[in-house]
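Next up: the structures, one after another.
In what follows, chain A forms one complex with chain B and a second complex with chain C.
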Partner chain A sequence: MRRISADVLVIGGGATGTGVARDAAMRGLWTVLLERRDLNHGTTGRNHGLLHSGGRYAVKDPVSARECIEENRILRRIMPHCIEDTGGLFVVTSSDDPAYGDRFKAACDACGIPCEEITPAGALRREPRLDPRLRRAFSVPDGAADPFVATLATAESARAHGARIYRYHEVTRVVLRGGRVSGVVARDLVNDEEVLVEAAITVNAAGAWAGRIAALAGCEVKIVPAKGVMVALNHRLVNTVVNRCKPPGDGDILVPVGQVCVIGTTSYEVPDPENYGIEAWEVALLLDEGEKLVPGFKAARALRAWAGVRPLYSGEATAGGATREVSRTFTLLDHETRDGVAGLLTITGGKWTTFRQMAQVTVDAVCQKLGVARPCRTHLEPLPGSERRDYHRVGAPLRAVEGGRQAELVCECELVTRDQVETAIDAGAVTLDDVRRSTRLGMGPCQAGFCGYRAAGLLHERRQPAVQEANLALRDFLQERWKGLLPVLWGRQLRQARLDELIYLGIMNAERLDTGGRKSPLTDFYLQQAESSAHGVEQPLTGGGGQERHG
Partner chain B sequence: MADVEATLDACIKCNICTSYCPPAQVTGAFPGPKYAGPQAQRFRSPREPSPDASVDYCNGCRVCNLVCPAGVKIAELNARARASLFRDRGGVPLRERLLGRAELLGRLARPVAPVANLLLHNAASRWAAEVLLGIDRRAPLPRFANRTFREWFSRRGGRAREAAGARFTTGRRKVAYFHGCAANYYEPHVGRAALAVLERNGVEVIVPEQVCCGLPMLSNGDFDPARACFQTNLRHLAPVVEAGYDIVGTSTSCTLTLKAEARELLGDDSEAARLVGEHTYDVCEYLMAMHEAGELDTGFEPLELRVAYHPPCQLNAHRIGHPATELMAIIPGLEVEESGAACCGIAGTYGLKKEKYAVGMAVGRPLFDFVKDSGATVAACDSETCRWQITHATGVRCLHPIELLARAYGLADGQA
Partner chain C sequence: MASQDVVVVGAGPAGLAAALGAAEAGARVAVLAGGVGTTHLAAGTVDVLGYWPPGAADPVKRPREIVARLVEEAPGHPYALVGVAGVEEALNAFGRAVAAQGLAYEGSLDANQMLPTPAGALKPTCLVPRAMAAGAAVAEGRTLIAGFAGTQDFYPGFVAANLRAQGLDAGHVWLDVAAVRARRPQTAVVLASLLDDPAVLNEVIRAVRPHASGVDRIGLPAVLGFRRHPEVVVRLEEAVGVPVFEVPTLPPSVPGFRLFEALRRHLAARRVRITIGAEVVQAFADGDRLVAVGTATASRVQRHPAAAFVLATGGILGGGIVTRPDGSVAEVALGLPVSAPAAREGWLRPQLMHPDGHPIYRAGVRVDGRLRPVTGEGQVVYGNVYAAGAVLAGTDLWREKSHEGVSLATGYRAGRAAAGKSVEPGSGEGSRADLPTGRGGHG
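Presenting the complex of A and B:
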């Protein structure tokens, strides 16, 4: 068995895990991170892309609200390139209670969130597509975030400080020695071999899967996976984050992220963080809510729907009472005091916006256990890529390809160049979906209709794998894109899907591509996900569903 | 009216537009309609400076709109993007402003037409215009007429007139003639031909007050003065339409602008704009409609002539077929060969610009070859700048189809 050792082992390559790895490495700890798939494969790569100002939580959860505004300021400083400074509006629409605006404003003031009431006319000047019947509007410093780039930059910084990050390494066993977690056994899914990782402290940052990891160490951590669905529209209908000014609910935030705008979310309990579908009524509900903000919303072209799972931590389960309830948004569990299992910490819950603070609190605890007295510096050092000290701009990718580089576009919708795709392939992408996460390949209107086969060709050219492997990469990718198209197959996106179908099935016979019976680590996952959503095909007309709401 | 920006959502990325776009076929400077239109639009934000300059290589021919299976208003997206580009980069450049103001130039030059022509067409000043303004010294520029169409018309009496021998069936048709800048300042003979043909058919023709339609400004990214022109025209033309007149023009570009282009580009959904738009016709379209109603005098004299006819892009954008082809087919003896070429390359003022002259000439090559190989002694085209470009590139004289109709009626005026 291959052996790796470290001071700190981090499980999970989402925002939280990479954040912990960076912080630990920056404090001079010898750090290893294991992620069972690609970085960002979990909730971090499926969220709404909102850099919270805290406004959303100000009324009901001031602790989270304060965390958000604090981190909002820090992230703008250390990773401006991952943030678009859209600003945010809280809008009292004609279906909301105008009195709530006063509570909202007072709560923001109390939490230190800069909040200013503007006139309805002012709001309409800023966002002309909003429903003109809006009654009140408040402006707050929300922003749009690119969690993909943020995680990659965080990982890069962690590596620069000596951390080793292993993707496609799935933790399958926790090694306990004398009541103490001494490390884990992981399966290297690409090379199909076992790896033993030994560490003084193990940090469980597996998000919605954190309960499963804890269970491997014999600890019960009750995590309820709560699914949230989002729908992206083909282009930005607003350039400001628009929130409904009312008690938080379903489908009440519209975020302009990159080239699309995303309406979200819902929050419903699912039995399994891995296997869930998107229901027609969920999509219908989101579109109905969007219509209340922007008339004509339902008639705009829906691009794709997807879902992420929130790790809802449901409080104390076992004896000890030693849970450290850091706040209602995130929770750090010390399994030594809580369950008598030393060497293991679980960090769960929280927001993308607060991941850095979650990491800081976690590594503070790690340092305390290891007797290391080095302060956190993650809020002081900017991340790689932020050298220009400037926010991300909508037009930046277009500006970058102007002047000749258009000729080498692989993904035309998202303006991804051949260079970028080759770099991602050479950096060890296992699937084309990995290339997507680091480049945005296939995320635009045609959903890989034209770039999928080009990228498969480049993969083959760079790596010279057996042709069946390139075939498999293409088929996996199509399957993955397809699952997000299924819930929005009507109107113009249906037309697009028909053209894509003609290209792949009619011209390329993609269904019957020879893959030599091969499977990638994700083949089954893609197939199963598409099946769970297969019944969402018809155009959603009615809401309902009778499931219990959470969050 | 359809929201231009919203049409980007219809794009299915099929690339048909790009494979038909004339400039994209001949230059790497223009990445094509799909890229510049629906694709780039997703990266443009009203809050940020314009990110792309290549859109300025779109010549506005609208071939893309015509072939797009999804109804994306690509050319309009591009025209708007060009306007924002100029706005963000220090305003509309001097050259573009100048080229947009054909009317002002005409008004200034008219009293001294012979001198102006001399100035405009000598090697030294063309060299200066190229160096100082970026107007290619080889590009075809028109000559100012000694007398404008309006001057001629007011000398004629300034009123509608009943032509001798006019024959009409139903109630008398009423037309307000939109001459535009070209027929007024450069080619009054086209206006006279149109008047003669319409009057021959018993139509009552008036010449309303009017200014430039604004298209040269719109296609040069200069939207504010274009808006002013359009408003002025609406003020003059809407009451005329209300009084029962149809607006008929001899420039397919002016009529397209009045019909739809200005409304869409400027986002004008006023009642006046709708009214004027719905009552504007290209002259051949109008005559063809009369013919279909059995109201056209088809007593043409034979014209033993072989004509190479090019339906211009602006005409295709009307989506009314090729009425001139059908009309000319009625003239006995006239042999008409229609070009299958997409675009002559001039696109109004595009091909005049130094960096775009070669693009324009390369775009027009298939058309020029067609004209030269057709063995025709004369060419025909409904759009003025295209006529000038065709003659410039081939040496073959180029007429407006209405001139051929006038001739076939025996109405050729000796004043051309």
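Presenting the complex of A and C:
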């Protein structure tokens, strides 16, 4: 068995885990991070892209609201390149109670969130598509964030400080020695081998899966996996983050993200963070709610739906899936004092916006246990990529590819260049979905119709694998995109999906490409997620000719 | 008053075949279309039937036999309405038309040809443009696949590796051609226009020639000339000394453009008026006859009367069939009844590449044995309207690889029927019958 040792072992490669790894490494701790899939594969890569001002939580959850505004200011400083400074509006629509605006304003003031009421006319000048019957509007410092880039930059910084990050390493066992967690055994899913990681302190930052990791150490941590569904629309209908000014509910935030906008979310407890569907009613509800903010919303083309599973922690079980009631603040559990299991900390709850603070609190505790007195510096040192000290601007990718000699574009929808794709492949992408997470490949309207083939061709060109590997990468990626298309396929997006069929079935006969019975670590996951979603024909995959070629 | 006997709605392969059939039968024909259809996207081959049943593991070898079997097994399939003879009649008419315009297609219903695709799979296809024909011989001897360095839409190493994985002898090379590298953006159409330039072609020849020895044929992306295509291929073959063949690319499809242009020229010579950008949005009926269709213009709906009409607006991709979030499915041009799964839950399968395909893609207009749209109860909606191509219900063209075959066969038959050539359902050559007399005088 391969052996790795460290001062700190971090489990989980989302925002929180990479944040902990960066913080620990910056404090000189010998740090190892294990992620069972790709960085950002979990909830971090499935969130709303919202940099909270805290306004959302000001009335009901002031602790979380204060954390948000504090971190909002820090993230703008250390990672401006991951943030588009859109600003945010809280809008009292004609369906909402105008009096709530006063409570909202007072709560923002109490939490230290800059909040200014503007006139309905002023709000409409700023966002002309808003329903003109809106009654009141408040301006707050929300922003649009790119959690993908942020995590990768955080991981890059962690590595630069000596952290070692292992992707596709799934923790299978926690090693307990005399009541103390001394490390874990993980399976390297790519090379199919076991790895023993020994560490003085293990940090469980597995998000919605944190309960499972804790259970491996014999500790019970009740995580409420709260599914939030989002839908991307093929237009940037607003340029500002727009929130409904009312108690938090479903589908009341609209975030401009790149060329599109994303409506979200729902919040419902699911039994399994791994296996959930996106229901037709959830998509319908989000579109209906969007219509209340922006008339004509439902006529826009929905590109894709996805869901993230929030790792809510309530200390005790909540009743009946009422996950809106669970605080969005975070919790650090010391299993030594809580369960008598030393060497293990669990960090859970929280928001993407507060991930850095969660990491700081966690590593403070780690340092205390290790007897190390080094202060946190993650709020002071900017992340790699932020050298221009400027916010991301929506036109920047276009400017980049049009500057001078035009770049070779692999994905026209998201302006992804050949260099970017090759860099991601060379960095060890296991699936083309990994390439997507680091480049935005295939995230636009055609959902990999054109770029899937190109990326598979480039993968083959760069790696020269057995061609069945490239065939599998292509098929996996198309299926991965399909699972998010299924809930929104009608009208123009169904027409687009049929164009993709013309390409892959009509031109390429790609359904007949040999995958040699191979599966990637995610082949089954993509299919299972599609099966869980609404609008799949409920039919077992049996019978019919040629089944086996699907590997 | 009507200035045409037949109005064809749609300018994809089915619409153009309908115009051909009607024009050959002596009718005055107008084609109205919102856009150019799927010809410019698809591979430019004529696929008649590649797999039957659609999920079968092995390709159809002899389409004539298997189409005949299909006619027996699948009475709802468009081929069952025209029969093997109807397919052959349309392919022959198509072949004559494009050959007359200098764009020769090779092959027959007797045998499918297995052509390398840009992914390196082999796709069964029936009629093959002359420039792709040498690709059908990949099973014999050594094949070199060549691509242009610095371009995005064709990966010769990927193609060759998949050919080798099927037991074939294939290698690949990237050609470094400065004129190609320098050009952005590089869609297939841009590259093909570039190769029309003799200087660029000479550069390409210089790049290919060193790799020609010891190979039996060379495959290149389908960009071998646009306006001067046949000449480009001839010059290239002469210069490298071995047969050269095109492999389809990602859309836009240069072979598709050439195919469309050849048919357009041929129809123009037969006084067929083709108007692109004229989207039919309304039907003007008089009882069970359609008297005119209306196209959208800036200020009003313009009426186009005719004695008979062919609906060839395509399926979900072509835009003839639209789907809505409430689960409704509609035919947009004439508002005809549509056969479709009852609810959205039944549209799609969880597995994208499920061999049986997605039920929604089989949605479309149902027709009687003479290709006239019918209601759910089987009643003919209009006695003088015929439907053809992907707008028809009952088949998934991309999965069974029958797109052009179904489009040409039903289009040609519908065109002839609309021109008054009455044909027996499922039969071959029609007999001359009543030419249209009533000319929809409601215009």
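Rule of thumb we're sticking to: the second predicted complex is superposed on the first by the 516 of 551 C-alpha atoms of A that agree within 3 Å, B and C clash if a C-alpha of one lies under 4 Å from a C-alpha of the other, contacts with A are read in each partner's own complex, and residues count from 1 in each chain.
Convention: contacts are C-beta pairs under 8 Å (C-beta built on N, C-alpha and C of every residue); 3 or more make two chains touch, one makes a residue touch a chain.
Only a predicted model underlies this, so the values are computations on that prediction, with no experimental measurement involved.
In the superposition on chain A, A:L499 makes contact with both chain B and chain C. Using the contact criterion defined above for the overlaid structures, shared-chain residue A:R301 touches chain B, although it does not reach chain C. When the two structures are aligned on the shared chain, A:L478 is found in touch with chain C, with no touch to chain B. In the superposed pair of complexes, A:C446 makes contact with chain B only, with no contact to chain C. In the superposition on chain A, contact of A:R393 is made with chain B only, not with chain C.
By the touch criterion stated above, A:A470 is placed in contact with chain C alone, chain B being left untouched. Contacts of A:E408 after superposition on the shared chain: chain C is touched, whereas chain B is not.
Contacts of A:L486 after superposition: chain C is touched, whereas chain B is not reached. A simple residue count on chain A separates chain B from chain C, and the partner touching more is C. On chain A, the surface patch touched by chain B in one complex and by chain C in the other comprises residues 406, 450, 495, 499.
By the touch criterion stated above, chain B contacts chain A in their complex at residues 6, 8-14, 28, 31, 34-35, 39-54, 70.
Looking at the complex, you find that chain A touches chain B at residues 234-236, 239, 259-260, 300-301, 393-399, 402-404, 406-407, 412-413, 415, 444-446, 449-450, 492, 495-496, 499. For chain C in complex with chain A, the touching residues are 38, 41-43, 47, 50, 53, 55-57, 117-123, 150-155, 157-158, 161-162, 164-166, 184-185, 248, 250-251, 253, 315-317, 319, 322-325, 344-356, 358-361, 397-399, 401, 403.
Looking at the complex, you find that chain A touches chain C at residues 280, 284, 287, 298, 405-406, 408-410, 418, 450, 453-454, 456-458, 460-461, 464, 467-468, 470-471, 474-475, 478-479, 482-483, 486, 489-491, 494-495, 498-499, 501-514, 527, 530-531, 533-539, 541, 544-547, 549-550.
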